[in-house]
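A, B, C and D label the chains in the order they appear, each numbered from 1.
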Amino acid sequence: MGNLIGIWIGAFLTLCVFSFLYRDNPFFRFAESLFAGVSLGYYIGIVAANTFAPNLVRPLVQDFRHNAHLLVPLLLGLNLYTRFIPRIAWLARLSLAVYIAYFVGINMVQKLHGEVVPQVGATLLRPIGGALTPIDNLVLIVGVLAVLVYFYFSAEHRGAVGAISRLGIWYLMLGFGAAFGYTVMGRVSLLIGRMNYLFIDLVRTTAQNL
Amino acid sequence: MGLERLLQIDRRILYLLIALGTLIPILLPIGFPVSTTRPTERFFEKIESLGPDDVVLASFDYGPTTAPENAPMAEAILRHCFTRRIKVVVIALFPLGGVTMAGQELDLIRAEYPALREGEDYAFLGYKDGAQAAMKQMGVDFAAVFPADHAGRPLGELPLMTRVRNYDDIALIVSLSTNVIAEYWVNLVNAQFRTPVAVGATAVSAPKYYAYLDAGQMLGLLGGVKGASEYERLLLDGYPELRPMYRKPGVYNAMKGMDAQTIDHAIIMLFILLGNVAFFQMRRRAGRGGDASGGAART
Amino acid sequence: MFWKVRLPLLLTALVGLVPIVTFFLTDRVPLIGPAVPFVRDRVERYMIIIAGFALLLGVVNVLQGNLRRIERRLPGWPFAISLLAGLLVMGVFGILSAFRVGPFQGLLATPDGRATPFYWMTIHMFNPLQAAMFSLLAFYIASAAFRSFRVRNVEATILLTAAFVVMLGRTPLGEYVLAWIPGGERWVPRLTDWIMAVPNTAAQRGVIIGAALGAASLSLRVILGIERSYLGLKGE
Amino acid sequence: MNAAPWFEPTRVGAPLVLLLVFSALVLFFIHLSRRGREIFIRRIAGIAAIEEAIGRATELGRKVLYLPGSASVDDNQTIASLAVMRHVASLSASYGADLSVLNKDPLTFAAARETVQEAYLQAGRPDLFTPDRVTYVTYDQFAFTAAVAGIMVRERPAANFFIGAYQAESLLLAETGQSVGAMQIAGTAEVTQLPFFAVVCDYTLMGEELYAAGAYLSKEPAMLGSIKGQDFTKAGLILCILVGVTLEIFGVHWLKQAMTIR
């Protein structure tokens, strides 16, 4: 019975969202605000259950001595709230600075190590050859170079640089168009899923429960 | 000149056509012919080469949002394995609903094969957090990762699992995947343990996987609803007795999904074509003025 | 000046260098060796905890904003009630289950496998709303394609053509169009695969390399204290 | 080698060389530029359009909406977005435009509040800053999108900025914004979402342009110097590809092997 009520609620909310396609209306507005509230509540639950309880509260309560180091993130976290006390509001910046700095450092090495080096390495190919046609590698190498030239900021797009970066734009447009066309299928699949939910699952669950 | 009015068409008319183009084929299948491609055929042929002594590991690495793409793949592959009496070990590594999907599909398909015994013909080990670490450990011992099956029975009590210790006892790994987990199966498990990996991927991630296919790291690939429908076609051609399963009204499958895809693609392409014809008519009349709305290609 | 400007910048520089240096080292380096596994294993978990505290900061802002809306009867105030109701019910279920208070044992399922109220709200309210909103993309991608794919100039034409070919090649339509040529039914699907695998890869690779350099350069600016907008600070 | 156990073997080769060369170039050009050397950076169309968009919103008396993306401040795209946001806030303050920044991530929200408040202060208009200029919506991608789409159709902003890390919500936001007639400027380094922004928005800062935008807008010598250093690294990589391809033609594989990470 809980399932039957649930699926009807879900179907109603789905229709509320779809009604936005026609125009904004109170049903959509209701679904939208409920969605904002429920989703925030959902993440409160997830963060509490997956982070706070197992990684902070329980270790500190059960064995404080060995887990005292957890006071560091606890204090940095609480420190974010100094923002509400005007006299010491600037303290919150320190937590933010630590958090951002750590990830900025990580990103720097990961981008160079995990993206630039392997992507450049994968482009070092014999120009003649390829998986699908013999000119694949050549087309690929030229494309990578042209796009890189497009992103070169130190020269105006004139003359030779202009011509190569124009080629770079063409590659980008070809890639964007292809990715766009390719994604249509995945997006239609999502709609198929919703149609199944509204017209097949709903009917089946209702029939099973009556 | 009537076409020019198309340029000002209310977008809601297009929305309505897309909605109908999706709904009608699901309720009333059209049955566009499905032609098959090599990556799908290789996948099918591999399972075709296996028999009752072989074990397939099926990993459910997707959640409800991509079920329209991944679920038909899971159904066709499970039917194929069970019809050939191949043993199947089912696991789930996707955190957001993978285990729910696995349970649903397994319930659905095993109902069609009443002779199958759980624990002997197939085993459902449940979900494990931390995909990469779990994969590495399974290379040593499944029981270290899944001490008990989904229902809490120790693996030692399942006849099938006494035969399966690690990847050496697995003939093929099938990952039904929505994201990066399929890549782990290839980069980690295939690379280290040499067990063949075949992937059922969403349409969005499939193009990336052609490189693995070329390199031989991936044995077969199903890309989105299209790939799933190809597998269904091969299955029905090889096993006509399964046809009733795919003719049931009110049951979704990838061939029906492909009908919807085809119609929606056709609607969009038709609109693009007509839009451009109208655009040309307008431009010719306006004397090369053109319209500047929409920002395509201004970067 | 020191406390409000110099200190955060100094902290940024120090903390930012830690993952860069430890990235290349093993734990066998003298002096700083033991710090290597510490940075790799522990600091990341600290960061997740700090982010958890930040979520509550957001929740406070949402509560304040919506309570004010109801109090002052601002336009649309009744919807603030449904928002707060959803937030409170779901949030309270979540917190009680997370800390296993009273009958709330477990977030999604109780130890004996029964679904919790939190789970019920997840699958019957949260998930359908998510999926419905996500699926609107099917409509939007159609209208964006119709409106924007016009043969306006060379660039727009390349974009349109690539999209058109790929859309054609992804369905049986791609096989029909050239089926009148012997063997032609394979051409469009093959062209689709080629566009995706070759020029598309080239374009993506170029963007990825450039963006990664840009990101690394930004990292360096932050560590050097040149870029400081994120702290609200003005340039040097 | 004696030092070997001190270093992660898979990381010290090409990646370390690249890191050192790159850092050296950036530092060198920052130094040059601080000493007064002129630095030329070409015009980037999307950046030039920012002022136009805010001016237009002010004339029409409609909102300027700024969304810093869906990622937290652990993503460099968000940091880049905050730099652009600072500029947008400062312009909005001096024009008197009605700016509204909506957030999905709570830490990004915390940082955005600092950024916007200080920008208003420094523009000499602290009176125009109210706490509801920067608000938190919700942590869920699609709940956030639904809320923002609702705000767009109800308040009809004249300028939308989508700058930062974006996922599938990109097209939902951009299409809704387009339908209410907003001028839209997007910027992201997410390769998968660039096509949708490029097709629907008026201007799109692509990848590296997003990261350069803040530096470009600040016009500070040190900032521009860092862009120059990054540009020279890029030129070096182009050269590296040309050399590497030539070596491959002659069957010499060491460069490719050095750049293949195992």
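Quick note on the criterion: a residue touches a chain if its C-beta (ideal position, glycine included) is under 8 Å from a C-beta of that chain, and two chains touch if they have at least 3 such contacts.
Because the structure is a prediction, the values reported are computed rather than measured.
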item	value
Chain located farthest away, centre of chain D as origin (C-alpha)	B
Best-connected chain pair, where connection means C-beta pairs in contact	A-C
Inter-chain centre distance, chain A versus chain B - centres from mean C-alpha coordinates, in Å	22
Distance from the mean Cα position of chain C to that of chain A, given in whole angstrom	2
Approximate Å spacing (C-alpha centroids) for the pair chain A, chain D	15
Distance between the centres, which are taken as Cα means, of chain D and chain B, whole angstrom	35
Junction residues of chain C - those touching two or more other chains	20, 23-24, 47, 50-51, 54-59, 62, 76, 126-127, 129-131, 133-134, 136-139, 141-143, 145, 147-149, 155-156, 159-160, 164, 167, 170-171, 193, 196-197, 200, 204, 207-210, 213, 215-216, 218-220, 222, 230-232
Touching two or more other chains - residue numbers and ranges from chain A	17, 20-21, 29, 31-33, 35-40, 42-43, 80, 83, 93, 96, 99-100, 103-104, 106-109, 111-113, 116, 120, 122-123, 131, 141, 144-145, 148, 151, 169, 172-173, 175-177, 179-180, 182-185, 188, 190-191, 193
Shared-contact residues (touching 2 or more other chains) in chain D	11, 19, 22, 73-74, 76, 79, 107, 110-111, 114, 137-140, 142-143, 146, 154, 178, 192, 194, 196, 198-200, 206-209, 212, 227, 234, 237
Residue ranges of chain C in contact with chain A within the complex	3-4, 7-9, 11-20, 23-24, 42-43, 45-59, 62, 76, 79-80, 82-95, 97-99, 107, 118, 120-139, 141-142, 145, 154-156, 158-167, 170-171, 190, 192-210, 212-213, 215-216, 218-220, 222-223, 230-232
Residue numbers on chain C that touch chain B, as the complex places them	127, 130-131, 134, 138-139, 141-143, 145-153, 155-156, 159-160, 164, 167-168, 170-173, 175, 185, 189, 193, 196-197, 200
Residue ranges of chain A touching chain B (in the complex, touch as defined)	21-22, 131, 169, 172-173, 182-186, 188-193, 195-196, 199-200, 203-204
Sites on chain A touched by chain C in the complex	2, 5-7, 9-11, 13-14, 17-18, 20-21, 29-49, 51-53, 55-57, 69-70, 72-74, 76-78, 80-81, 83, 90, 93-109, 111-113, 115-116, 119-120, 122-123, 130-133, 136, 139-148, 150-151, 168-185, 187-188, 190-191, 193-194, 197
Touching residues on chain B, where the partner in the complex is chain A	12, 15, 18-19, 22-23, 26-27, 64-69, 202-204, 207, 210-211, 214, 224-226, 250-252, 257, 260-261, 264-265, 268, 297, 299
